[in-house]
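Heads up, there are several structures right after this.
Consider the two complexes below, in which subunit A is the common component and subunit B and subunit C are the respective partners.
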Partner chain A sequence: MDYKNIQTICPYCGCGCALNLEVIDGEIVGVLPANDHPVSQGSLCIKGWNAHAFVGHEDRLKKPLIRKNGQLEEVSWNEALKLVAKNLGSIQKKHGADSIGVLTSAKCTNEENYLLQKFARAVIGTNNVDHCARL
Partner chain B sequence: MITEIRDKVAEQLEKLDGIVALRSTEDGAAPYLFQQGDNLEELVMNPRYPLSKTASKLQKRFKDAKLGVVARGCDVRALVEMAKRNQIDPDRLVVIGVTCTSEEAEFCFCAEPAPNLDQWSGSTLIGEPVPGAPPNPIVAEYAQIPYAERWAFWKAQFTKCHKCFGCRDICPVCFCEACALEDPLWVEPGLLAPDFPMYHLIKAQHMTTRCVGCRQCEMACPADIPLTVLYDLVRQDVAELIGYVPGADINEMPPFTLTLADAAIESDLVY
Partner chain C sequence: MTNSIPEFEDADCVLITGSNTSEAHPLISTRIMRAKAKGAKIVVVDPRTTQMSLLANLHLKQQPGSDVAWINGMMNVIINEGLADDVFIEKRTEGFDELKAAVAEFTPEYVEEISGIPAYDLVAAAKMYAEADAASIVYSMGITQHITGVDNVLSCANLAMLTGNMGRPSTGVNPLRGQNNVQGACDMGGLPNVYPGYQKVSDPDIQAKFEKAWGIRTENGGRKTGSGLLSPVTGLSDKVGLTVTEMVELAGSGEVKTLYIMGENPLMADADINHAKKCLKNLDFLVVQDIFLTETAEIADVVLPGASFAEKDGTFTATDRRVQLVNQAIEPVGESKADWEIINMLAKEMGASGFDFSSPEEIMAEIAALTPIYGGYSYERLKNGNVLQWPCPDAEHPGTPYLHKDKFSRGLGKFHGIEYKAPAESADDDYPLTLTTGRIMFHFHTGTMSRRAEKLNKEVPEAYVEIHPEDAIKVGINGHKRVTVSSRRGEIELATRVTDRIKPGVVFIPFHFAEAAANALTNSAFDPVAKIPEYKVCAVKIQTTADPVLEVCNESYKSKN
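Then we have the complex of A and B:
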């Protein structure tokens, strides 16, 4: 029997609201606002209030999938990344670097987002970089 | 007073499986289930959270556990309303009641800052009860607004709503798994601000015999809508018209909950 709240930052956008994840016996069951937090001051938007919902959701992808003969099949990360690299490379060669865009995510850390824009600019060669939190 | 609360919690933990209270952490404070062996120096009283709701959640999850809760006046009133609706089992809950200070009562415009523990066996009251604070002055100001202008007042307020459902999610007496606010029959999905006045009046109507005046909804509202002005007025009307005071008496069933067997047929209405 165990119940606690773990304070974290909402993964959904760039505001940086704090929220408490309610955890019962290791399972995240809900969200409470962080009442003393200087950014969110005890309030959340509808996304923050539901930020726990995807963590244990049955539809969440846990392994990379590649469609083979019309069926999605679980594959290793190596195989998935090789396919992505091969296809991005051939698209870049055939249609030019600006035919590719990179969408980053508020669910990633600053460092991961930095790496992704670097990958877009230095590896692919495009400035087409955007972010879900800017929508 | 905090030392007295911690001592009482330590004493009760020898008899109970756990006690719901606030725990301070590096990042702030949040509800926590204290058990034997936990560091009670971490038990704090602020910032407020609806601990009655946490107690209900844990009672449902741990059906055999005997729990305690550190509760302020509004928490105890919420526990009463939840018990009436089978969301709290009073026989499995020990209340450690804590009085609010005059400053806290004034901040909340709270008429009953001391918990009423008469109906909670094995419970303890910590702190000296202070008198109730004066009501929210905005309620009296609002009462002076002519009826024709009240619509415009609320329309301006509710147009700010982000529809975060925070007022519902934080509310210590909201518990329905299927919520009318998410039912397309009553509230058209995808509209921001939500339907006026349907969305907010459904919430207000559901609060008529439940709202215990804890003000958590107002504190959680990112749009600063004065929700408790509306609920205070509704509560006043319910008290005047049918004499029902939410949170006062655990044995008095809410007026909207009655069975045909209980209902005396005294109406002059012709059907």
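Then we have the complex of A and C:
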């Protein structure tokens, strides 16, 4: 049995509490608080204690989906990315870059937010970039 | 936040408004509770009774949408009582005369008329805040989600500067941000007007810096990438882009053809979601990248499976500007991929260069090189346990626990004289109750995550509306009977909680529940500057099926009162 504790940051509110994900053989089995963290100081709220609960939920998306004949169907990454690239390209060419909008995410990492706004600005060519800070 | 979370416990006074701190930011509320235990005075201004208001020295229950009025009123009292910090005003600020003139008419009596806050409570709260050595303002979406959101925030800043509560530990103006990385998403330029680090898209020098760094303008002025799929970007746009509220609206009118949405669920989070859904359905092409099939993903043309926080490395920035490492614990579920990998792959598919990152650490190196406030961050420093709050401009910089120490970023702090404006929609004969929305302890935002956590969902499995007993009698609600709540925009059916936690005339609905989505009711009227919708105030009515027994009881109650 392989048991490990990985310290990370809670995915819920903006407090930035640290927590340890307890992992047994590649599966998260629980959460432990992090004693030495300057904000959470060994405490967690009920959401933090359950931060792992949605990770392995059966509803997780496991494959890309494309709408075909009105229904979302599972496809390969290759097919999905090709379609997105083709459509973003043709819409940008036909209607201009500002006909495309991009929402980055308050749930994703800094690195991912950086990369997506770079994609919108440098590849698509638009400043139509926002996220749910207002919502 | 101008200050840091640990500093709250050493404040002499904490003024909390528009934040249900113990439910929405529990670990911050414990710091405020510690402050109280050490003798700090706590003032809560909120239309609802919350755990924080129960431990507060003073609880002022304002009418939703009257924040400029009561804050102007507090400043009126502070100036008239001689409690303003004249030295701070003289040395650190400008525009005081404008402020003084603007707040002159906001006497406690006038404020009572607008806000319903008793004049003597307002005077007491003003003195409590102004007389403290170090007083901290804590607010959240209850201040910002109004058509006067910007005015409300400027009013908080006015109040802090008027009393010299800026640039010192345990003071400041402290918005508690609602999502794990909403601070970081803003810091990283996930906004229509700025590049990472709040560098303006309209500034030609900044534009040139990013064009060079991103390989858009080469030595000979050309651009090297492009697979033919796209018109090549020959220069970065200096035109401020659209906010999310504008994108949705323009999708409806057909000007915006495509949205690419990563990890966001506007069809639950937007105000007036029935209208938002109509708008998004009008798009030519909708791509959603998420970990679940959200309400928004359900209507997408392409859905790309992202990896969750537990399945990737990266950094999140907490509400007090604290940048922290996120560490991968398990492999991504199924064929899902980290969002940064997906963007990398898509950009390459489109023939773009500059997306060859093999790890988030490499991306952070590019961020640090281009973002002055993040200039000193590296994974190496963060792995070594350094606590680094931005601005952290270079590799030796220790980070910044509180802002505006010796001067404000613009030099002098500017007072703004703010006029009171009524909310966009007020209760009337047709819709006699004021709805305000918010979060509860056991759930989070659009519920995508928390409602799939069994233990959390068991605590509160369904939507409800909080209503004051006086109003419950008027509408004829018997115990936990289900009711229909409707506004001019939509209606939902849900359970009731009759409670005096809420002001008479005001009802509260948490917005986490898709089957009774509060945002089907809310008003999409927004602040003209911040474009933030007025989630916290709209007019609704409540209907229930007739209950003959209750009607007899009501008649008898009314005849005796």
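Please note the rule applied: the second predicted complex is superposed on the first by the 97 of 135 C-alpha atoms of A that agree within 3 Å, B and C clash if a C-alpha of one lies under 4 Å from a C-alpha of the other, contacts with A are read in each partner's own complex, and residues count from 1 in each chain.
Following the convention adopted for this analysis, a contact is a pair of C-beta atoms (placed from the backbone, for glycine too) under 8 Å apart; a residue touches a chain by one contact, two chains touch by 3 or more.
If you're wondering where the values come from, they're calculated on a predicted model, not measured in any experiment.
Visitor: Looking at subunit A, does subunit C or subunit B touch more of its residues?
Guide: C
Visitor: A:34 contacts which: subunit B (first), subunit C (second), both, neither?
Guide: So A:34 only meets subunit B here.
Visitor: When the two structures are overlaid on chain A, which partner does A:46 contact: first (subunit B), second (subunit C), both, or neither?
Guide: In the superposition, A:46 contacts both subunit B and subunit C.
Visitor: So, does A:24 touch the first partner subunit B, the second partner subunit C, both, or neither?
Guide: first
Visitor: Output check: A:87 vs subunit B and subunit C. Expected answer is one of first, second, both, neither. What do you get?
Guide: After superposing on A, A:87 lies in contact with subunit C but is clear of subunit B.
Visitor: Going by the contact rule set out at the top, does A:65 touch subunit B (first), subunit C (second), both, or neither?
Guide: The answer is second: A:65 touches subunit C but not subunit B.
Visitor: Should A:10 be classified as contacting the first partner (subunit B), the second (subunit C), both, or neither?
Guide: So A:10 only meets subunit C here.
Visitor: Applying the touch criterion given at the start, work out whether A:112 contacts subunit B, subunit C, both or neither, answering first, second, both or neither.
Guide: In the superposition, A:112 touches subunit C alone.
Visitor: Could you give the residue numbers on subunit A that contact subunit B in one complex and subunit C in the other?
Guide: Touching subunit B and subunit C on subunit A: residues 4, 7, 18, 43-46, 48.
Visitor: Can you check the complex and tell me which residues of subunit A touch subunit B?
Guide: Per the stated touch rule, the residues are 1-5, 7, 18, 20, 22, 24, 29-37, 42-46, 48-49.
Visitor: If we count contacts the way the header does, which residues on subunit B are in touch with subunit A in the complex?
Guide: 17-18, 20, 23, 25, 27-33, 35, 47-49, 54, 57-58, 61-62, 65, 162-166, 169-170, 219-222
Visitor: Which positions of subunit A touch subunit C when the two form their complex?
Guide: Answer in residue numbers: 4, 6-18, 21, 23, 26-28, 38-40, 43-48, 50, 52-57, 59-67, 72, 77, 80-93, 95, 97-135.
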